[in-house]
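What follows is a pair of complexes built around chain A, which joins chain B in one and chain C in the other.
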Partner chain A sequence: MSASVDGPDLSASRSHVWFFGFFAKYGFLPVILIALYVGFGLVEPAFFSGANALNIIKQSSYLIVLATAQMFVLLTRGFDLSLGMVVSMVSVASSLVMAGIAPNGEGPVIIALLAGVFAAVAIGAMAGAVNGICVAYFDINPFVVTMGMQGIAFGLATTLSGGFPVLDIPVLLNKGLAQGAWFGVIPPPVAVCLIILAASYFVLNRTVFGRSLYLLGANSRATEVGGIPWRRYNMLAYVICSSIAAIGAILITARAGTGEPSLGGGLVLQSIAAAVIGGVALRGGEGRVIHVVLGGLLVTVLSIGMNLTRVDGFLQEIVLGLVVVGAVFLDRLRLKIRL
Partner chain B sequence: MTTPTNTVADAAATRKRRMSRILGLGLLPILLVTLFVVLGLIEPRFLRSANLINILRNASFLMLIASGQMLVLIIGGFDLSVGAVVALTSVATALSMTGLVSVFPEAQLFVVLLGVMAGLAAGSMIGVVNGLTVAFMKVSPFMVTLGTLSIASGIALYATQGVPVYGMPDEFTREFGRLRYLNLPVVIYVTFGVLVALWWVMNWTRLGRYIYAIGSNAHAARVSGVSTTFYIVVTYTLCSFLAALTGILLTARIGSGEATLGGTLMLESIAAAVIGGVSLRGGVGRVELVALGALFLALVTNAMNLVRVDSKLQTIVIGVVIIVAVGIERFKSRGKIR
Partner chain C sequence: MGTQDKRDMASGDTAPVDQSGGSDPSLLIEMKGIDKRFPGVCALDQVDFDLRPGEVHVLFGENGAGKSTLINVIAGSFAADGGSYMFCGEKLGRLTPYHAREIGISPVFQEFSLAPDLTIGENLFLGRELASVGVLNKGEMRAQAKSVLEDLGFDLEPHARVGDLPRAQQQMTEIAKALLREVRVLILDEPTASLSERETDRLFEIIDRLKSEGVGIIYVSHRMAEIKRVGDRVTVLRDGRKIGTVDADAVSEENLVEMMTGRTFDAFFPKIEHRPGDVALATTGLTTKNRQVIDVDFSVRAGEVVGIAGLVGCGKSELARAIFGLHEITAGALMLYGKTITSPTPSQMLKSGLCYFPSDRVAEGLSLSRPIRENVSLAALDLADFASKGFLKIGSEKARAAAIVDKLQVVPLDTEKQVEFLSGGNRQKVMLSRGLARDINVFLLDEPTVGIDVGAKTEVYNLIKEMAEAGAAVVVISSELPEVLHLSNRVYVMHRGYLAAELTGEDITEANVLAHFFDRDHETEETSSKISEGSGP
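And now, the complex of A and B:
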């Protein structure tokens, strides 16, 4: 008898522990995400359709790629404000390369695509290297460096394209990287996103470099004392950030079917918002891949849901702002629960 | 009885102190003067009074908003929402004036006054929200002001649906917007007054000293009995108030309420403050240098317009200038520590 009395009591306390442990680990995000999904579905039944679920996953993968890029820098207690404009610059430059080799898809299309992707990553890595060298070796504040780089990248993007979209890129880019499905099941942006997430997970959790990034953000002095080449690692974080952003730029270019100099306008703040809503700390040293996925999903669910329920576009901006503040507030609460 | 050698030593000491005070201002004044002379030599139109007044006026808007940004940076914070506050103020001022004009068609001055007050109140409200959220929830100022940036510009766009608001009283757009005194636009006087007041506040009042103290070491300030939450709220409100003031002056100048006003001002204000030597880590910064930083940015932009640098290339140049300016500053301070 006594056992049966003790039983529920024990399990209650265990579930209590589990309950708080879950929140401390993942925050309130999964709950909010499900609540939002159900809420929008009740208002607009079309939201529950399979096509919409696929659409949410597809659209969020673009944001998740960029937020993952941003996370590498956020971990080191840095910032990348130039991310959006680097996306614009890479989009224009790689489109010009592709259009130069195979205008309108006439010519060696495969070579054109490969050259375009190669150019994108190379340009992205270069922009990241400039950011990283200024931050890591010259000790200039990341905010200032990437703000300057934002101006530089924007100028280059508009100068290269003359301010107009680059139209004559091969159609195959759009067909292969934005529409349809790889192996008949998985949409290309989702596949690329998953590959990047898996690689990031491996780098962040299983390599010395990745673990050092966490230490660098949490206690940069400790990395120095510990004999870790932190300047090089810090620089590499920016290079990786911009390279991933460049891959994101290719995906977005493929979706749009044109190289757009105005592509990256709102992407910086969105990428930071998605990462931080997910639980990546702005104070550095904290953040995991799953956080970025949750944050990216939340922002996308919110925006698609508001579109489907026909919320005014300007009102959506207000809602997003409230969500950002609310998410950061909940993040503080999560920290308190854990302590 | 001071011996002659003593006076010489005294004079040398004063000279040394004076020199160090001039050097303490950094490279910026020297850079400004050089830029000024070089521009005057290669482009005679630069020195025309119309152009100089134009530079001063453009710099004034930036100085106002950058000095507000400086306050927040010194206290160890950040304000990304200043640009959106400018937009919100512009829309609030224009909407309340056009609304009131139909109610009181006779009392234009009254309408203008109420409209200006509505604008200032709307803008400052954002600052109060920023300050309260940062101070009480201890949330990262970057995220808070990112949120209010989105909220403020969302409200401005929603209220106007993105369409400029016309129909403000002539007293505001014509008389006030184009008012000149001794051939100088009224904006320059307002800015000068604000800068002097801020200089006084930062150097001679308790508020100023506490702002520096909280920025250098918030914990130490709190332990020594400074109500940090109160001063943080005041600082964010002041910053938004100055942004709102800029918004009203800009609205008067262009003659309509625009929800897209001030889009670039957020980054420019931080750039001007940082070029002026304000530390992003808090605790360091001087109004006079921030004003020079704003003047420098305005000067560079004007120079590029005069020598017809493509507007797309201009953003590249400004980007490089920001990085280099801060790099030099950083290099100098590194020498000082060692």
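And now, the complex of A and C:
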């Protein structure tokens, strides 16, 4: 993009400039995404069906929500390893709240649902605040802090639930947030995901807070010298991360229909993977909402495609691992092209 | 010093020194047409250089002129891309740092090559440990280390841990390390930057002795007095090209600056009309928690440029940082336009019209991976021009950033370009643009021209002139003495955290400033306390 501004390029090299500009901005992802989609479709024609396309979009929306959460801290040159276990903890805790108010849907169901969502976000925000305060104000490495929080959240999730799923939550949760379609067209998780994406886009691009996340991720010392209250913003990034993760937890709980202490297992790797594959930089200060969407779609296409083509589950793990490393490698390449 | 270089070179221009076509075996080093390219830059362009036995050949030039690259080529750290390199009449092929040391080329770089966790003795033998059948001969190494240090007259204990030493002693360790073996060419890169006067004298004695032994010394320095004192010949580099080699005795400071910058002396340092008005910023008895600034009384008036000079680590930078709120103040008062400020913070000082521009642009000045526009507005996001109620005004920001970038002539003018793709000079302009993005009346510039090219330097000087003449109070903290000397209305010299002197008018000379770099009172105080500490049984 920026290359084309440099001056009167010869028309012969226009396409060349456009080509590299496109990669510099979006990376190789859109191309790989399309190649994968077509590739899986050729192996398994069912992959091309409309139902499958809808399924991909629906399934990826869960991951995109979590990856968006993760992006807020990745931008600050941090990461949140506790995200998965916070999802478990929130799932169990909010299920217990809902089941307490309206066990098996008998009682004030709406109030139960609202209380559940409120509890989820509150608990998420609290976990995020603890992470954020430790990272931003006490300068403890995010790896250590969020690893510790992972243990705490896992312990709380299993203790609260006794290790078993919370079964007696209202069915309406599943019906309203996982099944069917809002306004007759849009599946609820996709709608929630779009709302979160739009809000995140606005916050990141149009607010001083969002701008500051990029600046402090690129160089926190520079924001300090520039008089930006970066510690507060850095802390808030963790709060927002865990709060969005809590919303994701509600969506996943609704899909499962039960509060699950084992929900969060692989979600940390997947959320970081989706963001990083999409092009959010692990070194902080770079990443856009579109990156997360592309990354989430890619991971989902890969996993659904491998399921449909009956790739062994363990092999799938290997593929995901390779794709993450490969994505970071391609990111380095993208930086070079930009230079 | 040979007689042939006593030719008249007072003109200071490109005076050829050795015109003999073939190689001269009496020369220690003879380089012809050396080229060295790095991606995007030509660091050395057809540079000739030679070194005679028993002379001190000074390399002089701006940051980025190619001095470091040249000594790195000489020491074998970089391979030249072109040209010939003869050592004692023999052509050198691919030289490695190891091979260079083997043939007696010993470099002392500014970045120390010491292992901080090892002792001085262990560092001296690093990579060339004495051993028999793979077992270290510690006793022998200790004895040799001790004798070398004594021989040099350095007051160093071989078993002291290098990481615990002050910078000056690390520098001496580095020099001792270079002299441990038989040396034929000694390379010294700004060796006195962190040495005290006494240590500097000692170093010069050693240099004199080495010269009499026929060792050739390549000496990189900025200090005029030093060049006169130890230098025999001076080679000036600019933008990777050799401008000329002149006789150190015959050349004037003006000449050297003109050769170094390619501009007349007056065009390089603009004449600033200082019109000192009200006191803009003043401190009394300012002391920081880390004791890097102690009891400093300092002031700057509107409409004047005040320089602060001193050695690396003397507290000159810390003074400005403390005023801006980056170091905790434990005692003393700070007044901005007559208003007392108790515990300053960057945001509060910016709001009051004072801005500090850090010396290390990469570490704390700029967000490199973000576009120019976001760096211009970085310190002004609280202003209505850029945001209101926490929401950004992108359109207005774009317009303001474009106007500022246009005024400062940042290349490229494209405000969406990431700062990491800019040259040093343009990065500096982007950082200085902060002073234009909001109302700033007091500028604290910490090493404002470090790592930028000559053209950008002139622009920065002119900007300083413009700001001061428009009534701003400007503080220039710099290790480049000429800069402090020629821009300032008054000069403060700091030493070990204390204010050592305030110079005005005619008294602002290099000799006067340097005299206070090593204020003796504090030094003896410090040394005596060291002795009492270390004299225990």
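The rule we apply is simple: the second predicted complex is superposed on the first by the 327 of 339 C-alpha atoms of A that agree within 3 Å, B and C clash if a C-alpha of one lies under 4 Å from a C-alpha of the other, contacts with A are read in each partner's own complex, and residues count from 1 in each chain.
In the analysis below, a contact is a pair of C-beta atoms (placed from the backbone, for glycine too) under 8 Å apart; a residue touches a chain by one contact, two chains touch by 3 or more.
Please read these numbers as outputs of a predicted model, since none were measured by experiment.
By the document's definition of touching, of the two partners only chain C reaches A:206; chain B does not. Residue contacts after overlaying the shared chain place A:318 against chain B, while chain C stays out of touching range.
Once chain A of one complex is fitted onto chain A of the other, the partner contacts of A:163 are limited to chain B, with no touch recorded for chain C. Between chain B and chain C, B contacts the larger number of chain A residues. Shared contact residues on chain A (touching chain B in one structure, chain C in the other): 283.
Note for the complex: chain A touches chain B at residues 134, 138-141, 143-145, 147-152, 154-156, 158-159, 163, 269, 272-273, 276, 282-283, 312, 314-325, 327-329, 332.
Partner chain C is touched in their complex by these residues of chain A: 2, 5-6, 205-212, 214-215, 218-219, 221-229, 281, 283, 285-286, 339.
Across the complex, chain B meets chain A through its residues 133, 137-140, 142-144, 146-155, 157-158, 161-162, 267, 270-271, 274, 280, 310, 312-323, 326-327, 330-331, 334.
Considering their complex, residues 324, 326, 345-351, 356, 358, 363-370, 374, 378-379, 381-382, 387, 390-392, 394, 412, 414, 416-417, 421, 434 of chain C touch chain A.
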